[in-house]
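Note that chain A is present in both complexes that follow, paired respectively with chain B and with chain C.
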Partner chain A sequence: MSLLAVSNLTKNYRRTGKPVAAVDDVSFTIEPGETLALAGPSGSGKSTIARLVLRLIEPDAGRIEFEGSDFLALRGVALRARRARLQMVFQDPLAAFNPRATVARVLDDPLRVHGIAPRTERPRRIAALLERVGLAVDLAPRAIHEISGGQRQRVAIARAIATKPSLIVLDEAVSALDVSVRGQILDLLLDLQRRERIAFLFISHDLGVVRAVAHRVILLDAGRIAESGDARTVIDLPQSAVGKALVAAAPRLNRYRP
Partner chain B sequence: MTVLASIRDLAVTHRRDGIEVAALKNVTLDVQAGERLAIIGESGSGKSTLALAIAGLLPKSARIGGSIEWFAPPLGGRDIGFVFQDPSASLDPVMSVSKQIAEVVHTHLGLGWPASRAKARTLLERVRLPDPDSALHAFPHQLSGGQKQRVAIAAAIAAGPKLLIADEATSALDTIVQAEIVALIRRLVTEDGMTLLFISHDIALAAELAERIAVFRHGALVELGTTRQIIDAPSQAYTRTLLDAHIGLDADLLLNRSGLPA
Partner chain C sequence: MSRLRRFLHTPEAVAGAILLAVLFAMALSASLLFPGDPQAIAGPALLPPFQDWSLPLGTDRLGRDVLAELFHGARTSLAVGLAAAAAALVIGAVVGTLAGFAGGLVDEVLMRIADAFQTVPGFLLALAFVSVVGPSLGVVVAAIALGTWTGPARIARAEVLSIRERDYVAGARVIGMHPLEIAFREVLPNALPPVLAMSSVIVAAAILTEAALSFLGLGDPNRVTWGGMIAEGRTVLRTAPFLSIVPGIALVLTVLGVYLAGEGIVETTAVRRGLS
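Entry: the complex of A and B
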């Protein structure tokens, strides 16, 4: 049984009166411990799919099965409990967090809200989470706005893993980072996946990164799946028009050579 | 070759919370007339500060040391075109596309409004905006990110500048639109014989467009050379680090595919 099974997912937006399909009849599965990448141009529907899977917005049609249950039918306590298993990391952690909160507060929230650890035990848990993502424990009292972008994204990852999820949605999670930091964050994510069998829905516009980290990829165009398959196979020899356009447009270090 | 701008020991410091922060440290660099020069670096490298300093756009509170000697002293806005990362922030949200471009023409070339508006239409064609006639009457929010950046470029080149500065002008765009805008910048610079200063965090993108690359880190110039020298034979370890960190379509896989779920 797949960890996540999305079938016939559809989401329409109204723009100046007429409905536009942001996501149009999209189906896919993710297995435990697997990275599935969603790639495509702006407006192709990749972030809308992420928001649908997280139930930040509701679809117009389709099914989402997560860990064997009908995820769209869950309400109240059952939904909250299941949400602990499905976490997210966005592009800009400064926008995702209260900037004046401390690192400790950001990590305390999920432990408290999901009843994972009693108050007395939480400082120890927070220290362990910081250590797990490669941050010094003495970062805990610092404010989110004081630490570097790379440190902040590590905190976002620590918060995501605090509830022991089986799936993390990574929406352009490394896109805003400096290249020297990006490699370290990707290494951390892959290490977490290897050790804890966490699956990733990895959303990125960067085909080089997708090819390097994903097992499978779905290329989206105008809300529909244009092409999908093994990440390296698809990116090395794209068949769809959008796949060819994305590959041709990717910057190459050696293109200047005659 | 003529030197357009001779930058000598340029140092810029900002005061932040009562502390002096050095944004640029003794940068010496010649910008050749007609060249495409990329300035690359990570956040905090000083690359944008250098762009603002050259354009004369640093805030009054900045302390500036050293000098920038010009072959012919430029008039900002006319002789230097500037394209920023976020066209939504650089375009006036309540001014039509026609007016924003025509205003530059009217101000700097002294043409009347009808002639300025006609020139705006020609410029929209030059930046290959689809359907220029209806775009003239559009407001920025009615355009896509790529279209807005085309309008910002049209406004930047409207007065016929000698130097075009593009500061992360494609960083907020998706890969396909980025490639289109890079191709557009290259074409415009070539057609008008402009000098291009291309500021980017992306060394591969810089290599595709620039003839020379200057690598910045922590406010200092680390290395300057032809694109070939920088990419194929960098002399500094930091440049090597940046090249190694690039994850291209031919990069080694980070993912160990053994143990892949069936």
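Entry: the complex of A and C
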């Protein structure tokens, strides 16, 4: 049984009166511990799919099954509880955190909300999470805006794994980082996946990164699936027009070898 | 620190701060310098100012010490002004946050209620409220807040509407945080600065409204108020104009002080935000 099974997912937005399909009849599955990449040009619907899968927005049609149950049927308390298993890392780690927050508070929130550890034990859990993502424990009291972009994205990953999820959606999570930092974050993600069998829905417009980290890839074009399959096979020999254009635009495809 | 320095380099702000400091000193020292009932008879009636140094500002129609009344009146003005403004800001921030964050029907209902409050002029609303419920300090505070909360509510709502689309709000939902916690812990504190920027105008308006209510005899009858003193003096305006002029000047200086100091704070924090 798949970890996530999305079928016939559709989302329309109204632009100047007439509806435009941001996501048009998209179906895919993700297996436990697998990385599925969503690639495609800007505006092809990648972020909309991420938001639909996370129930940040509601689809116009389609089904989402997560861990064997109908994810779209969940409401209120049940939905909030299930969110522990399905996490997200955003592109801009500065925008993704409350500007007033400290590192400790950002990591404390999921532990508190899901009752994972009593108050007295949470500082220890926070320290363990920081260590797990390769950050110094004394970063905890610092304000989010005081630390570097790479550190911030590590905090975002620590927050995402705090509730022991089975799936993490990463929407352009490494796109805003320097090349060297990007490699380190990708290494960290792959290590997490190996040890804890977390699946990733990995969204990126960078086929070099996709080829390095993804098992399978879906190429999107204007909200529809243009092509999908094994990541290396698709990227090395794209069949669709979008695939060919994306490959032609990618500077060097084997830059990352984590 | 540099914010304080910039504040001190703004002459209007410093003038406002000094006026406010004097006012607070008057309010705090009122029962120390003038113990006992300020409404008790202290000397001959209608003694002009600067005649008798035990009654420096003279006495009113009933022989009450004008200076003592002025000090005790500062207390009422400040207490009512600050309490009413605080209540209006809190109600406004909470209602605006709920409306902006929840959207839909909740937003619709709350904003229609705000509309209803706004169609009636704030002073008339306060007047009607006090007339119906009866004058006491708490009622006056509530009455003023009732006519004032809609401004902060609208500003808070507008700010929340933009904040709720930010990634960190989505992030809070993703970790399963309760919507009310998201609204009040994640969104509201970040929506506060423009709301707080209104507070000097709101405090100044609240002080004036309190004075106007007291002038019309709708203030707390057990407390000396500047509005009440002005009304008292009005009956002998020709023969003893100082009885109205003294509390009138106090009122003007207070409102000016609140406004200048408040603008000074907003100005210096805005500059700071612009630089960072």
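Observations on the model:
The criterion applied here is as follows: the second predicted complex is superposed on the first by the 251 of 258 C-alpha atoms of A that agree within 3 Å, B and C clash if a C-alpha of one lies under 4 Å from a C-alpha of the other, contacts with A are read in each partner's own complex, and residues count from 1 in each chain.
The working rule: a residue touches a chain if its C-beta (ideal position, glycine included) is under 8 Å from a C-beta of that chain, and two chains touch if they have at least 3 such contacts.
As the structure is a computational prediction, the values presented were derived from the model and not from experiment.
In the superposition on chain A, A:D138 makes contact with neither chain B nor chain C. Applying the stated contact rule after C-alpha superposition, one finds that A:E121 touches neither chain B nor chain C. Of the two partner chains, neither chain B nor chain C is touched by A:E146. Taking chain A as the reference, the larger set of touched residues comes from B, when chain B and chain C are compared. Of the two partner chains placed by superposition, A:E196 touches none, neither chain B nor chain C. Of the two partner chains placed by superposition, only chain C is touched by A:F90; chain B is not.
Listing the residues of chain A that touch chain B in their complex gives 31-35, 41-43, 149, 178-180, 182-183, 186-187, 190, 194, 205-209, 211-215, 232, 235-236, 245-257. For chain A in complex with chain C, the residues that touch the partner chain are 51, 54, 56, 80-81, 83-84, 86-88, 90, 92, 95-100, 109-110, 113-114, 159, 162-163. Residues 42-43, 144-145, 173-179, 201-205, 207-208, 227-228, 231, 241-243, 245-249, 251-257, 259-262 of chain B are the ones that touch chain A when the two sit in their complex.
Residues 166-168, 170-178, 186, 189-190 of chain C touch chain A in their complex.
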